[in-house]
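The same subunit A turns up in both complexes below, where it pairs with subunit B and then with subunit C.
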Partner chain A sequence: MTRHVVIVGAGPAGLAAAASALRAGARVTLLDTAERPGGQYHRMLPDAYRAERNGRLHHGWARFDRLRRHVLGHPRCAWWPESAVWSLERSDPGDPAPPLVHVLRGPADGAGRDRLVLRPDALVLAPGAHDRVLPFPGWDLPGVYTAGAAQALAKGERVVVGDRVVIGGAGPFLLPVAASLIEAGSAVLAVLEANPARTVARGWGRRPWELAPQAGKAGELAEYAALLARHRVPYRTGRAVVEARGDGRVEEVVTARLRADWSVLPGTERVVAVDAACVSHGFSPQLELPAAAGCALRDTASGPFTEVDGDQLTSVPGVYAAGEITGIAGAPAARAEGLLAGWLAAGGAPAAPELRPLRRARDRARAFAGRLAAAHPIGAGWPGWLRADTVVCRCEETDFGTLCRAADDRAGGAARAVKLGTRAGLGPCQARICGPTVAELLRRRAAGAPGRPAEGLAPATPHHRPIAQPIRLGELARPPRDPHEKENTP
Partner chain B sequence: MGATRVVVLGAGIIGAACARELALAGLAVTVVERGAPAAATTAHGEGNVLVSDKGPGPELDLALLSRRLWPGVLDAVAAHLPEAAAAVEWEPKGGIVVATTAGGARELERFAAAQREAGVTAEPLDAAALAAAEPHLTRDFALAVHYPGDAQVQPAGTATALLADALRAGAVLRAGCEVLGADTAGGRITAVRTSTGTIGADAVVNAAGPWSGETARRLGAPVDVRPRRGEVLVTAPMPPTVFHKVYDADYVGAVGSGAGDLQASAVVESTRAGTILLGSSRRRVGFDERIRPGVLSVIAGKALRLFPSLAGATVMRAYGGFRPYVPDHLPVIGPDPRLDGLWHATGHEGAGIGLSAGTARLLADLMLGRDPAMDPAPFRADRPAVLSEGESR
Partner chain C sequence: MSPRIVPASSDAARRRDTPLQITVDGAAVAGVEGQTVAGVLLAAGRRSWRAGPSGAPRGVFCGIGACFDCLVTVNGERDVRACRRRAVDGDAVSTQSRAGTGEPR
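Coming up: the complex of A and B.
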């Protein structure tokens, strides 16, 4: 019987997984909350805006377009756009079947989406990552964007976030964001990398675009660098946006020189007039689905990621992971992982000769991820930027002072009690934004050891979200439909 | 000679409340907690302090005692620790129980009449009064009864406040410290062995929640406390929609019953943060912590029967915990009949938050030889349901 492979996420990783699972002969259901495939990388313009220059801001557009057409048009592929996986239901202990996949289908803002359940033979998780932003005074002012959001607006909707923009944070990702904003017509005043040149150089070697050819990013980064130079946009290391100010929206930012640990060098502060600021301090993988499936996570200096073996298999039988949930290394790496995961999930031979170059590419990508993390770490000194009244959890407006007081309480300083007491992380974003920040602040302050996990207690990680996507009460109350059972009934 | 040394096992709401009473009475209290305080069952339930769901009997008596004690306990905490007391979020908002079928209404009517005999205020509401009290509630109901005595707390905040007051009174907390066994001499417990060393004790209180059975077994005196799974849904913050604790009359049946694999009854309440909590299920599945969409679906359906207009409300979170229960559905409060110096305060099932105040008072009365605040006999540890070997869960 043909194996049914369900792939969650149609970014570079998921799309590649679909292509190779189809090649290996499987029946594929590919789903994404978005209307179109492409994920974070190939953010597609809504039809109405589709300009003839669509490819211009996108790398490898033609290749992506071919892949997309091939996968979506394939007779064994069911493409489910606007489909959110809201729950993964683990099988009974000892049962090797992968989890059931619970899906809501239909526009998120429409009334009453369809509730479906899929029973795959194998599951590929490729939900990607979102950018991580550290708090600083004023980061919650209108006009301060995550770099990802700013780029999405520029790439996806051709909307510029401002005319005079400072971009700050950490990682090579700041460069494509700057490029998108310049292309879309903003004046980018500076791109600030918080890590000092020494750290960046030690991680990469002297010039990132010269030392990253393995992952196919050389040309891309060099192009961005040239673009910045052409527009006379300074790229500074060892400097960060440490405060945003303004009356009702950002009017100026304070930048400062940082020590290697990201503490501010006093006296180096500079005020820059802006009408927007974009910040990004790395990426947080979307770990709620692997966590719900019961997959083991791997702790790294830049936070937890999904643990996979050489075949992209997680610790759970039948569940594969690909792309940024296993490590941050850019779109080519995600594609290589996706190709491997899809093939193996489909039951393709692990020793197939065509896998050899893929495995090599994947291994190079992992090495690249390591360098990336080493070159652009998050310094330990950032909490020094905060003031007592700096909001840390934006949904619930919990400030730094409140969190510190709660964390210092001997009777209630542990993660779960602090969360329930201060409500940090309990709002609509469900700790996607502030979770890692709060966890880090508590880890540093709390003296008490949390002890080992107990039988029957869900781990107190910010990634534990058994409801992975919001669901309306009315949708939940309806029993789910099994699409394949229905197909068989006359 | 120093004060009597008491080791309290578990820093959930029961352990915290007991530690507080004993420390205030001048005993030298050490609280031993394998994880973090207020992080286990106490952080995975709801905060209903109910008299309405209990029929006449010892559990209702304990609930009434607790309800009388709560305001004084919280005032006493507030006197020294105002911030901690504020985090309790005490709201004496009252409960409304709704029967949606004729059969349910007859049952509820009988139940409420018996409760009134036992001293509970239970006032039937007519359609107009109900619509005024809960404008979004279904109009399609057979009987509604208002219980002004019901209240609500934020459970983890409450346990934290009680523990903070205990620490202020001299108790010591050892978190990240797991109980492994006991040292005994002449049938008497003399020390507790833990993952971080041995702690000498004249008395030990087993308040380990759903793990009380296992903990007692390690101490050499097993009790039959089992886990009963419950799940709760949380909506995104909403404008005020639900003003009391509102639940359907099926709840009455579910609490008392020991049968059935999945039971659910709607318990709907809003929190200060604007979210609405929708509880809850009752399942016997051991310590299986998987959140099952099918179970959540049943809870959602029951909640919508009460509040049809919530169909569009967004559920953003679900969580679950394990209610510690004894097969006869009564808590265990008192000395162990086999091992001198060991006491139990556990098995509160779905009511441990509300019952913690009375439990701690009663336990302290017994340990200190004071006149007990109520008859402790129904909760004694030497009853067959507690000591029977039984199935383990």
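Coming up: the complex of A and C.
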């Protein structure tokens, strides 16, 4: 019987997985929360814009467009846009079947969405990542955006966040964001990489022969750098946005030179008038689905990621992972992982000769991820940017001082008690934004406070969200529908 | 200056826009079909539309549905992520506030 492969996420990893699973003969259901495929990397304009040249805004558009048409038009592929996976229901212990996939289909956060359940033979998780932003005074002012938001708005709906913009943080992603804003007509005043040139050069320069196969990515970055130079946009290393100020909205940012550990070099502060600031210090993988499926995570210096073997298989039978949730490495890496995951999830032969170059590409991509992490680490000195009244949890407005006091309370300093006592991480975003930051701050306070009583309960992992996406009580009350043979009728 | 949409006439992507209109707390706001509710609000020059527990203003932060800063009520449905919901002509959007709601802080 034809295997049914369900793929969550239609970005570079998910689309590649779909193409590969179809090639291996499987029936595919491809889901994404967005209306159109592409993910964040190839975020398309809405149909209603009737754009003749969407490709002008993208790198590698022709290839993406061919792939998308092939996959979405394939007779064995059901494309489910606007579909949110809100729960994965694990099978009984000993049952090798992958979890059931509970889906809400319809307008984002709508009350009347269709509730459906899929019973896959194999599941490929490719949900991607979102920006990780460290807190700094004023980061909660309107007009301060994640770099990803500025790019999504520019590429996805042609909205420009401001006219005088500073982009800051860490990582090569700052460059395409600058390119998108320049293209859309903003004046980008500066792009600030927090790491010193030495760290960046050492990370990228080590074992240069490993970079050659990533020439595509390197070429893409070179294009962005040339665009910045053409527009005379300074790219500065060792400098960061350490404060945003304004009355009800951002009006100026304070930038400062940083030491290698990201502590501020006193006296180097500069005030720049802006109407928007875009910040990204890296990426947080969206781990709620792998966590819900029970997949083992692996801890790295840049936080936890989904553990996979050489076949992209997670620790849960029948559940594969591809793309940023296995390590931040960009679109080419995500494609290689997706191609492997899709083929193997579909029951394709693991020894098929065409897999050999894919495995090589994937391994090179993983090496690239390591290099990226080494070139753009998060320095340990960033908490020095914070003041007692700096908001850390945007939802609950828990400030740094309150968190420190709760952490230092000898009786209640455990992660769980701090969370309940300060409400940090309990707001609408469910710690998606502040979770890694709070965990890091508490870990450090604990390290500096010997003799703390042992915790009675293990701290909940910040990625454990039994309800992965919001569902309304009314939707929950309706019985779900099993779509089986009707899947091709949207 | 404030956020805005790239004019269709100068857009390299060559758009052909269809106008739409929504109301925000009763006031008419013009947008373009295909825009998210957040896109309509930003392009109309609004940077913030929600209040946090202390009354602090919130608008778009992450832009991709992770931060929940931009929540609005759309046609009576509360807690809709404005950055993820496409605006539909005639939508009645109202802004939300957590200030003084008695919700735990």
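Everything below uses one rule, namely that the second predicted complex is superposed on the first by the 458 of 490 C-alpha atoms of A that agree within 3 Å, B and C clash if a C-alpha of one lies under 4 Å from a C-alpha of the other, contacts with A are read in each partner's own complex, and residues count from 1 in each chain.
Quick note on the criterion: a residue touches a chain if its C-beta (ideal position, glycine included) is under 8 Å from a C-beta of that chain, and two chains touch if they have at least 3 such contacts.
Quick caveat: nothing in here was measured; it's all calculated off a predicted structure.
Trainee: Between subunit B (first) and subunit C (second), which, if any, makes contact with A:E183: first, second, both or neither?
Mentor: The answer is second: A:E183 touches subunit C but not subunit B.
Trainee: Output check: A:T33 vs subunit B and subunit C. Expected answer is one of first, second, both, neither. What do you get?
Mentor: In the superposition, A:T33 contacts subunit C only.
Trainee: Pick one for A:P428: touches subunit B only (first), subunit C only (second), both, or neither.
Mentor: both
Trainee: Quick check on the superposed pair: does A:D163 touch subunit B, subunit C, both, or neither? Answer first, second, both or neither.
Mentor: second
Trainee: With both complexes overlaid on chain A, does A:E440 touch subunit B (first), subunit C (second), both or neither?
Mentor: After superposing on A, A:E440 lies clear of both subunit B and subunit C.
Trainee: According to the stated criteria, A:D311 is in contact with first (subunit B), second (subunit C), both, or neither; which is it?
Mentor: neither
Trainee: Under the stated touch criterion, name the partner, subunit B or subunit C, that contacts more residues in subunit A.
Mentor: C
Trainee: Which partner chains sit in contact with A:D275 here, subunit B, subunit C, both or neither? Use first/second/both/neither.
Mentor: In the superposed model, A:D275 contacts subunit C only, not subunit B.
Trainee: Quick one: is A:E252 in contact with subunit B, with subunit C, with both, or with neither? Answer first, second, both or neither.
Mentor: A:E252 contacts neither subunit B nor subunit C.
Trainee: Identify the partner contact of A:G148: answer first if only subunit B is touched, second if only subunit C is, both if each is, neither if none is.
Mentor: second
Trainee: Which residues form the common part of the subunit A surface touched by subunit B and by subunit C?
Mentor: Overlap of subunit B and subunit C footprints on subunit A: residues 111, 396, 423, 427-428, 470.
Trainee: Applying the document's contact rule, which stretches of subunit A touch subunit C when the two form their complex?
Mentor: Listed in rising order, the residues of subunit A that touch subunit C are 33, 35, 40, 45-54, 56-57, 107-111, 130-131, 140-146, 148-150, 152-153, 157-164, 183-185, 248-249, 275-276, 286, 391, 394-397, 423, 427-429, 432-433, 470.
Trainee: Over in the complex, which subunit C residues touch subunit A? Could you list them?
Mentor: 1-6, 10-18, 32-36, 38-39, 42-43, 47-48, 52-54, 56-69, 71, 77, 79-81, 83-86, 104-105
Trainee: Give every residue of subunit A touching subunit B within the complex, in rising order.
Mentor: Residue list for subunit A touching subunit B: 87, 89-90, 102, 111, 117, 396, 405, 409-417, 420-421, 423, 426-428, 430, 448-452, 454-458, 460, 465-467, 470-474, 476-480.
Trainee: Where on subunit B does subunit A make contact in their complex?
Mentor: 16, 33-40, 43-44, 83-84, 87, 154, 156-157, 159-161, 163-164, 166-167, 173, 175-178, 210-211, 227, 233, 235-237, 273, 275, 278, 287-293, 296-297, 300-301, 303-304, 310-319, 322
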